[in-house]
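As written, the chain order gives the labels A, B, C, D, E and F, with residue 1 at the start of each chain.
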Amino acid sequence: MPIGGAKGGADFDPKGRSDTEIMRFCQSFMTELHNYIGQYTDVPAGDIGVGGREIGWLFGQYKRMRNSYESGVLTGKGTSWGGSQVRTEATGYGLVYFTQEILKHRGLDFDGQTAVVSGAGNVAIYSVEKIQQLGGEVVAMSDSTGFVYDPEGIDLAAMLEVKLERRGRIVDYCALVPRAEFHEQRHRIWTVPCDVALPCATQNELDEVAAETLVKNGVKVVAEGANMPCTPEAIRVFRAAGVAFGPGKAANAGGVATSALEMQQNASRDSWTFEYTEERLATIMKRIHQRCIGTAAEYGYAGDYLMGANIAGFRKVADAMLALGII
Amino acid sequence: MPIGGAKGGADFDPKGRSDTEIMRFCQSFMTELHNYIGQYTDVPAGDIGVGGREIGWLFGQYKRMRNSYESGVLTGKGTSWGGSQVRTEATGYGLVYFTQEILKHRGLDFDGQTAVVSGAGNVAIYSVEKIQQLGGEVVAMSDSTGFVYDPEGIDLAAMLEVKLERRGRIVDYCALVPRAEFHEQRHRIWTVPCDVALPCATQNELDEVAAETLVKNGVKVVAEGANMPCTPEAIRVFRAAGVAFGPGKAANAGGVATSALEMQQNASRDSWTFEYTEERLATIMKRIHQRCIGTAAEYGYAGDYLMGANIAGFRKVADAMLALGII
Amino acid sequence: MPIGGAKGGADFDPKGRSDTEIMRFCQSFMTELHNYIGQYTDVPAGDIGVGGREIGWLFGQYKRMRNSYESGVLTGKGTSWGGSQVRTEATGYGLVYFTQEILKHRGLDFDGQTAVVSGAGNVAIYSVEKIQQLGGEVVAMSDSTGFVYDPEGIDLAAMLEVKLERRGRIVDYCALVPRAEFHEQRHRIWTVPCDVALPCATQNELDEVAAETLVKNGVKVVAEGANMPCTPEAIRVFRAAGVAFGPGKAANAGGVATSALEMQQNASRDSWTFEYTEERLATIMKRIHQRCIGTAAEYGYAGDYLMGANIAGFRKVADAMLALGII
Amino acid sequence: MPIGGAKGGADFDPKGRSDTEIMRFCQSFMTELHNYIGQYTDVPAGDIGVGGREIGWLFGQYKRMRNSYESGVLTGKGTSWGGSQVRTEATGYGLVYFTQEILKHRGLDFDGQTAVVSGAGNVAIYSVEKIQQLGGEVVAMSDSTGFVYDPEGIDLAAMLEVKLERRGRIVDYCALVPRAEFHEQRHRIWTVPCDVALPCATQNELDEVAAETLVKNGVKVVAEGANMPCTPEAIRVFRAAGVAFGPGKAANAGGVATSALEMQQNASRDSWTFEYTEERLATIMKRIHQRCIGTAAEYGYAGDYLMGANIAGFRKVADAMLALGII
Amino acid sequence: MPIGGAKGGADFDPKGRSDTEIMRFCQSFMTELHNYIGQYTDVPAGDIGVGGREIGWLFGQYKRMRNSYESGVLTGKGTSWGGSQVRTEATGYGLVYFTQEILKHRGLDFDGQTAVVSGAGNVAIYSVEKIQQLGGEVVAMSDSTGFVYDPEGIDLAAMLEVKLERRGRIVDYCALVPRAEFHEQRHRIWTVPCDVALPCATQNELDEVAAETLVKNGVKVVAEGANMPCTPEAIRVFRAAGVAFGPGKAANAGGVATSALEMQQNASRDSWTFEYTEERLATIMKRIHQRCIGTAAEYGYAGDYLMGANIAGFRKVADAMLALGII
Amino acid sequence: MPIGGAKGGADFDPKGRSDTEIMRFCQSFMTELHNYIGQYTDVPAGDIGVGGREIGWLFGQYKRMRNSYESGVLTGKGTSWGGSQVRTEATGYGLVYFTQEILKHRGLDFDGQTAVVSGAGNVAIYSVEKIQQLGGEVVAMSDSTGFVYDPEGIDLAAMLEVKLERRGRIVDYCALVPRAEFHEQRHRIWTVPCDVALPCATQNELDEVAAETLVKNGVKVVAEGANMPCTPEAIRVFRAAGVAFGPGKAANAGGVATSALEMQQNASRDSWTFEYTEERLATIMKRIHQRCIGTAAEYGYAGDYLMGANIAGFRKVADAMLALGII
């Protein structure tokens, strides 16, 4: 039962540093940090500027300090030394599994639904992939330079070539897929009519005006893949219109859930397949949906995922604090 | 391989104490105890006066002392912080699974069998539930004030209402289920003819006279859900008559088996479903049956579960002692 | 991710010592060794002169030293206190699973293949058993005194009686199975024509001449069950002739793989069935085959298992060293 | 070599709390703190609101947490369970020993010197006691309500009765010692002519004007018993006038020095007499004086204790950092 | 501050065992015990059947278990590996130092005093040695077979030859020292007139009648070297008569005090000379005397060592319990 | 009781490396080593290529790894962070103290003795200083380029200038001290007539011929300051001639003795003065002398320091092994 979640960091700026300098910083950082963490104490994961490479250097130093190969002390490890499959895909896949639950709860499924997914990073790309696998059609994606509208559905292979291989601008997609249209104002992606809208780009990217447009165009579900992409005003619009709104704290939990799965694998010294890991992820997202919708109903806010997530989260922490005693 | 089992406690009497006093006692107790236990050393569980609430306070203090979230150090935890499903049902379900194995071994199953289950606590109630799921009929249950005979089979929903919700006397069952008869002398429950008798109430509740009556009425299997409910004389009667007798040390092992399952979940940082946990429990009860019956046969006491359980238990400890070396 | 593998030992000669002296040696050895090992540090297993009995004495002392039942600190434990099923069979079964993968890779299976298996110890015997289960026919086995040729296929029950029960010479097989022929020069077992040759007896038992004979007789696959049974010259002959050659470091990894499985069971406090353990072993052997053949192809040595195993092994260690940082 | 010194605390306000609440707070505080301190790691001592009583509760909880009686983990303990003698007197005595060294360095001693000591707490009272033992005469003391001037020298017994026993105002001293005069403006104590001025009351109690008056009246030495009682301007006046100025970081180090002596006693499981402890304290104060005056001279600031103390302190930390390596 | 004192042991009877068996028992005992002791936790010392040899075996095993040479974990070690000088003499010397303090308190010293010392073991012999060094005369000693009266004072060299070298009966002393008289009834040793009586033989050896005789003969001081040699009635007689009575809990504390000195030496990795150790012992005995007599006076029992020792002991434990907090 | 002494090292060659590279090597070395050492386990000191600077880097890393300031884990530390005074002088001073004991044992003292001291490093220089303080006259010293003979006694200030400040050749001494003669063949230093000869330069520097010359010239004492400077043949000559011979294992133990003193200071968190440390060193050297001469006499080799040292050393280890038990 991992309770909590805390943030910390260092004021070391890796820009302009050699690989060896970054490695030594990681080692020095862990030399001090190792006193305060542990596989049963606190388990850090990477974040901005701390990817698999840095996790490796941190873990290597932890191992040296403790003379002990405790894989579970860090997550985000490389797959050949304790890391989990599905890590790259986790947030995107998880978002779509969560959205699928919302649809099911309303008697729908992805089959035949039109979706708009903002962003073109890992979250957006793997959301699109999963939507397509589930029978949905994604007609628009964006990056910081604009958005493309592809009336026949995004050609994911082309998008991967543009964004991951060439690391180009999204306008280049139109060169590969001439049927697509490019638009410069990326926030206008929300004017594209859709059943499902998944903001996966950045904070505050979907405001009140965009929300009203989506509602007017008949959107059924909005679920946040980014952290807080919808403004409070936009959320109010969705709730007023009866649009199902999946808040990020629930909808994009796939990444941190995969950290927990990585810790499970480490605890049992196992190494799961991609398929099994994804199945576990899907189960977790279903349980989160169930917890949100159930708690919301229990407290008189039937159908309100935001209220459900907030109440369920608070209650989990509060119950645990009471159960483990006051000090 | 958990070997052993030891009992310990404190002379603190929670009666008349406030919740905070009890909590502080638990914390002080663990402040000293934590030096002697551990997830790989000794793992206490609750018992009289130590339920889930006290386990929480004990675990919370252990966590603080060690600065380490080692779930496996205690069992009987709450399900939201490491505890196991099926804990409440474990002894009752396990008893019936064990009994089912005895029946199977004799070419029978529960379908169409008539059972008498003494007691009305968790063991009895969940025994009845499982017997009914497996097709058997339970015609009598008891509490400290008497027993009820219900010729059409105990209506478990009614019994739950009387005993768990109202916390009333068993005679109230007759008010809800008019067809049932109430009798004041609870030990006379054993005069009710049955194929399967499961004493789940209290120590020494089934004596020689009761055993003779059961035998005369054609009982096929007697299995102990309580601790030592059958007197030595009663057991002698069953063995002489060729009635299969499942001793408590094997038949009611479902509770402690679930502690082991809880430790497994904790070790792998997993959280099993009710169904999976029950399936694991059923497998364990089958293995215990197999171990008893096999060992009994191996040592020339074919069919004698008591002998089988005693020899198998002794041998397991003795083998381990030899294997791990004399000091 | 267990990286590495190291060898160590003691100059204590158990010959002529009483059981108690050997036990005390094991205890003294562990009294010092326990500072340097651990379930997350280094995990020894038995080897020459260190069987299950000695592992028990070592483990018992470790447990006493640490006051902690960390099963994962040693492998090769007894099955009743943390050991794994399939340990005895592991190398033989694994060898045949690996060989089966080689055959499949060439579009074949064991059905109808004729095999020669040198040796009559655990590796050879359980290789034969598994080949027969998979539909192959083993026509020759050997021990240090010679080899038997059985044109109708080795009768494994008879062989077990001769070698395991009577601990006799292989010539006695012919007394039980009159159709079989005995030959004194054990290295001439390789003159028996076969599709699959599994040298499972001893180092350097299969030399250049034997290899040429096997090739001439149309052998398709040679896989090493013993450690380095084929001389470098023999291996050169097989590679030149296009015979698939499974080097021991890959083909006989079933034993050490089962140690890893034992550690997994210990980590999750579980106890796997024979069937499940064997299935996991088979999966591992398939993965090793895939890793060898894939790596070989990637580096331009398609079909060369020796090259594939060497490169894959080196790369795994090198990658981990880089990932965990230079110190 | 204790390097450093850090401050920390809690926002718990003991005012209005029962003794038991304060005790439980101390225990809870240590339950968390014990992970971060240790006799070889960091050693806290009391400060505002944390006296001997709280140190006892903190230490008791540390002992319980670690199951280990490591006296050296905290200082300021009670003398019957590891504390040091001379703790109450330490700062005052140390201040006078330091001042004595300054006098000696100038070819003087306390004999016949007139001193003014502001304040009436432990620092002031034990400064007066020690000055009198060394032959000096203290003619004025103060508290927050004013100061007394006693032309024949403060009668310490009378002052102790007023301030420690009766906990009264300093004006009451005049009732016991009629020859003394009371003045209401406490900062005017510095108008009393003296050879040695020891500000032991509070921060910023001796400003530029007071300093000029002292200089005019021929003061030879000023040494700080309180923390920063002299304003920067006052210090400039003393330095300009060639008055020896002992800064608090050196002059009032007697208290923290006694913490180090307490740790020494704990380390050697010894219990020193008052006399021996005082002798060690005196030696330390002499060494601090020597270090200040020596360093000042070495760096071209002969006779400047402030410069000497700053440079010596910086150099000690810097040298240690270099010696122990960069990380 | 060592608080407390507890007793424990084992039911292993070393009689009839070989040295190796006893050694192995010690090793096994420590293999379990080491979890519960430590240089800062609890520090055992030898007692009946556990001498320097056994302490060595216990310490050796502790050292192996912990891989750490923590001398302070046991006392009574051999002098070449951490033990203290003066251990053999400690109780006897301490008793006489304590008695000397009683005499001094009454304005007397040992010079010219006549003493009777019962017993002939270490306590008695080293008491006699120290009395003679301090100018007193010992005229009688005893063993279990009787007592000798030597009007010119015991010839210690002769007594040592009889009791330590020859291990003979005390009657043999008369053969070496013809002036001495032997008496068979050892309890009649108390009829010998004396100023100082030190019962150092055994429990209850000095009863009411003996006490009355001593009083009648003008005894001034009685101090217990054995554990509880004086009956409660005898003590009442001494107190009624105003004879100074030194109870064993204070008077024979020299042995346990030397354990504390051994721990001090270990803590500081030092090795004290005999002279220095004896001086420390003498200081401790003086402090105990002071504590007894001071506490007795404080509580209104001036001169009553028994009351003083009891109150001081209780208060020390009670104060520490309060100081370290209630749990 | 430090028993033993072991040597270890690394194949890292600091030549041509930057300070930072050497520091990082030290840190990496300790990152692994820290698992195997400890203030109560094994305590390394510097040796070739590992001086105070490297000890600092090693200690700093140990401190970081353990989060614990255990000064006693290494010796040879800087004096400002736990190191001992007299470390540089220890071997030379100790050698002369040992020699003084030899002289005393023969009824002599240094006053008026003529000495020859080979070498011009720390051992030789501080030997000369101490001899001169004790009243002896040193007439010759050497370096690898030759020796100087100064009939009026070496002018130590001049020698220090030549060897420590200028780091020049010994011939330069003659420029400063014109009365001195320079000779090129350094081994001919032993032709200088003397009462006391202290070979402090290098291994095997004093052979049979030199020994015979010394004997012929009337040498009374030879004591080894270097490690094994006298050849076995030379030693035989001295013993045959009745010259007192102090073997290095006893005579030059001053350095390692000071390591033990450093550990004592660390254990008691103390910091001794130069004077006190030297006094402790002198006491140790006297005890070593006493142990050698006493043991030699006890075993029938009166006056034979080599035999005494060997037997005493062996016996100390053997006694400890027996005392602590066989494993």
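Note that in this section a residue touches a chain if its C-beta (ideal position, glycine included) is under 8 Å from a C-beta of that chain, and two chains touch if they have at least 3 such contacts.
None of these values were measured; they are calculated from a predicted model.
The chains that touch both chain A and chain F are C, D. Both chain E and chain F derive from one sequence, and where they touch, under half of the residue numbers involved are common to the two copies. Rotation angle, chain A onto chain E, C-alpha superposition: 180 degrees, expressed as a multiple of 5.
Chain B and chain E, compared by their mean Cα positions, are separated by 58 Å. The distance from the centre of chain B to the centre of chain F, each centre being the mean of the chain's C-alpha atoms, comes to 75 Å.
The distance from the centre of chain C to the centre of chain E, each centre being the mean of the chain's C-alpha atoms, comes to 68 Å.
Residues of chain C found to touch two or more other chains are 31, 35, 64, 67, 267-268, 327.
Here the touching chains pair up as A-B, A-C, A-D, A-F, B-C, B-D, B-E, C-E, C-F, D-E, D-F, E-F. Residue ranges of chain B in contact with chain E, taken from their complex: 28, 31, 35-36, 327. Within the complex formed with chain E, the residues of chain C that make contact are 31-32, 35, 64-65, 67. Taken together, the chain C residues at the contact with chain B in this complex read 20, 23, 26-27, 53, 56-57, 59-61, 63-64, 67-71, 78, 80-82, 267-270.
By the touch rule above, chain C contacts chain A in their complex via residues 1, 38, 40-41, 72, 260, 263-264, 267-268, 316, 319-320, 323-327.
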